[in-house]
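All chains are identified by letter, namely A, B, C and D, in their written order; residue positions are counted from 1 within each chain.
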């Protein structure tokens, strides 16, 4: 297979497979989780489940001050790479083209040099996170081989995207093919790994807020 | 698989619901929960990381309730819950967690980790992996009616003493009273002043109240050990008594988990909404204050601080009431850092105080409270949980500190206006 | 460039620096000129090897300007060899038979090589001239002969 | 066509006898070096090598093609020297260009092949049909047979145009003739691929010049293309690249961005994945190249460019039409999700059923 054929495969069949797995996986996981259901709370309510849940979905993005002091690195590095992923995925012109082609939705892109700088920052943040994971006693204890795999799956599109944009090391089609392939890997892995937090975070935060809010405490 | 292990795994299967599934699906192993847990910050033990404590429940969720886990199980690849795991995890789940729920407030993906550990205990207990101390307490609760083995005659004796000493009346089994008071065994045996305080305040406020001779115990060891069946049995006793006496409101006394047990878990355990209300004593007192039925004669000048019992404030929703009440009698009130819903646990809740095996670690983690107290330098500490109170006194003694501890209700009673 | 007129020009002004290659290139010329002055080292820059936007090449030529020497060569179509305002900086432009540009170089030298008479051509020219003179002589002899015969 | 008396002379001799001056020759060397992206410092070396090179023999075979490649070459407006070297001196057989026809033409080919066995260059344009040899024949000989015969004695083969290099249009889906490229068939000869539809003409003469200058094939990339011409992508050499870097794109062919000459990425430009010299060599004698004329690069010199999705779809857009797939997937997944959810409920239901009241005895184990 020459590199153009590989590029055509990842833009065609490969993308199709990845999309199918992603869409199917996300839907299956959502049913799998939500259909388990939750018992109705029979205690007299002191607050609203729904609105507290919705509030927590937002408020949990702002770290509580004591834990910010204690987990500053995790929070700052985490924020950088999450914002970085958002910017590089959703505000880079070629990506918006892809999204608008698939969904019909489009929005203005950020200037490319900004996206580029953000990508570099994200890569640095993710590398630092990996180092931190190995150096921190607690994280070493928690870390599974799966975590390292997911770290790789997350940083790969950033790195391949960066070198594809700057055209380092490989031919254009190969760079693009490898980049798209790395994204397809991410798409396939997402629904079946801890990356599910991309969508289950909304459920988890809502439940947290609802459970707490029912008792009159905004979590 | 032994019969008891099977029972434990089955109990874990029962505990998984959509919230648990969403929580486990979302965990990214960021480790932030560790930084919020005093059992981790004060011991440095990575195994004390809150989310790691729910590992048995996670394994059951993964292999029973996820597509990938099901496939893995088919090929024998899933991680199993076995005796070894439960033995290893027992000390983490019971000795090194007070279910304080601080982690649940911080987890960036929103996992209610305390709930997950609470659910894990259901499986541990059913599999026979609960600590001796808690088993004993549960045994006494079910068989005698109190975890400390306090029987009705002992209570009646205390009431008699009280009535003789003060001339106040403590109503027992009065049908149609507005309030039915529950008491923790500690309050009966160690802090009888509490009952006296109630009698004074309710007398002044003109509220009718009673104690049931059939269900006076507020604590619920079934909740702490994690056996819903037994917890339900204990709750049912209170429900029966309250219905029999036709009271409007059941009062949970100054005890954290007792409030959680009867206020929030109770109806769900017995599977029926209550026909009466449940209120914490601080909520009742705050209502009296609001209605002008609680008048004080003087204020104290000492610098006081308030220790939030986790199950009453963070997990129970009673946060502002104690502060409003303290304002009635204290001029110099200072908050500890992270007060309110982010308060640090004393280190002995969630059954830890009943578990002798955890004596060492609970004193070790008290260092957090100690540090907070050192920062604030109060002349006195006010709290609203007998369990916190006993443990803090223990801790202060251990670390050679001398700060008096006061019950909020009792302090209010001491400063009641005479009119 | 003659034929740029036929190219769609969009809205680009000659001063728009699209590729940012104009200035670095002129700096390169400056350094080459310094080397020529101090070490007598010559340099050639192929303008085709550098991506330039429409108008940028004109901009470069405009800055270099027109100097003292303008030569037109008639070789396989024509070629222009022009010394710029800056002595030692030459612009050599090759055209094909249709007067279309097929190459443009900036040469930093005292004399572009192509302007010199080439050894081979000189050798061939002297042969050719000798032959020509022989022819002339022969012709003269022949006509003399004829005159004598007359 | 080359006259036989030229055969033993050096190229320098031949050129001089055609009245080409040294200056002309130097001009040719300079422009050739420029086109081959060689450093101007190499011009004297090229000149000397060419001067002393032996006259080459070139045989050109055309198979399933449109003659566009030949058109491109003959319209090249190349210098006289170029024409002399390629057309007049070297080309022994080219059935479109040669004067001879019929048997005479075939004889000329046979003769050239025989006399220069092992030394001639074979140029091929067009793809070779493999489904049925009758799809394309010359003088009754199938393309395949003719190629194999001519290739046998060739020093090297230059596959010209996208058809000869990658199969091109004839090979585009559904490939009705079973078309294949030269390199699909020949494995034991050096092959230089000069893809493009059509290829840039000077690349052909450039390769020839290189072969004569250095006595060897130029350096090739992994698709067999001369790196001198195909070493950099259109994108990397494009004068509109700064707009790409800044994120300034034409959205349509007639918007302000298009008029301002912004990057054509969004209009489907294949520049980033296309390796060719258009951006520097340019077309129509250096007039411009497609992007300069406001049209995105089609990627005509890359494999399978006909089947690589719409020309006007940006590179980041998948070629697969996933819209419908997603719809079916979502429906299927919803059904599977409901089934799995029901399975989960059943698991939990049976756990609830299996539940035996936990007693004090259980705690003691």
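Keep this in mind: contacts are C-beta pairs under 8 Å (C-beta built on N, C-alpha and C of every residue); 3 or more make two chains touch, one makes a residue touch a chain.
This one's a predicted model, so the numbers in the text were calculated from it and none came from an experiment.
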Check your understanding: Where are there more C-beta contacts: B-D or A-D?
Key -> A-D
Review point. Between chain B and chain D, what's the gap in Å when you average each chain's C-alpha atoms?
Key: 77
**Study point:** Centroid distance [mean C-alpha coordinates] between chain D and chain A, Å
**Key:** 40
Point to revise | Distance between chain centroids, defined by C-alpha means - chain B, chain C (Å) | key: 96
Point to revise | Distance between chain centroids, defined by C-alpha means - chain C, chain D (Å) | key: 34
Practice item. Name the residues of chain D that each touch 2 or more other chains. Key: 340, 344, 348
Point to revise | Junction residues of chain A - those touching two or more other chains | key: 28-29, 32, 34-37
Practice item. Find every residue in chain B that makes contact with two or more other chains and list them. Key: 16, 65, 67
Practice item. Would you please name all pairs of chains that touch? Key: A-B, A-D, B-D, C-D
Revision key, fill the gap. Note: in the complex, chain B contacts chain A through residues 16-23, 25-32, 34-36, 40-41, 44, 46-47, 49, 51-52, 65-68, 104-112, 115, 263-268, 271-274, 277-278, 313-317, 319, 337-338, 341-342
Revision key, fill the gap. The chain A residues in contact with chain B across the complex are 28-29, 32-39, 41-44, 46-47, 56-57, 60-61, 63-64, 66-67, 70-71, 74-75, 78, 136-144, 147, 192, 194, 196-197, 200-201, 203-209, 211-212, 215-219
Check your understanding: Which part of chain D faces chain B closely enough to touch in the complex?
Key -> 340, 343-344, 347-348, 351-352, 354-360, 362-365
Point to revise | Partner chain D, residues of chain B touching it in the complex | key: 4, 7, 10-11, 13-14, 16, 64-65, 67, 70, 125-130, 135, 138-139, 142-143, 225, 227-230
Review point. Mind pulling up the chain A residues that touch chain D in the complex?
Key: 2, 4-5, 7-8, 11-13, 15-16, 19-20, 23-32, 34-37, 93-95, 97-98, 101-102, 109-113, 115, 167, 171-173, 176
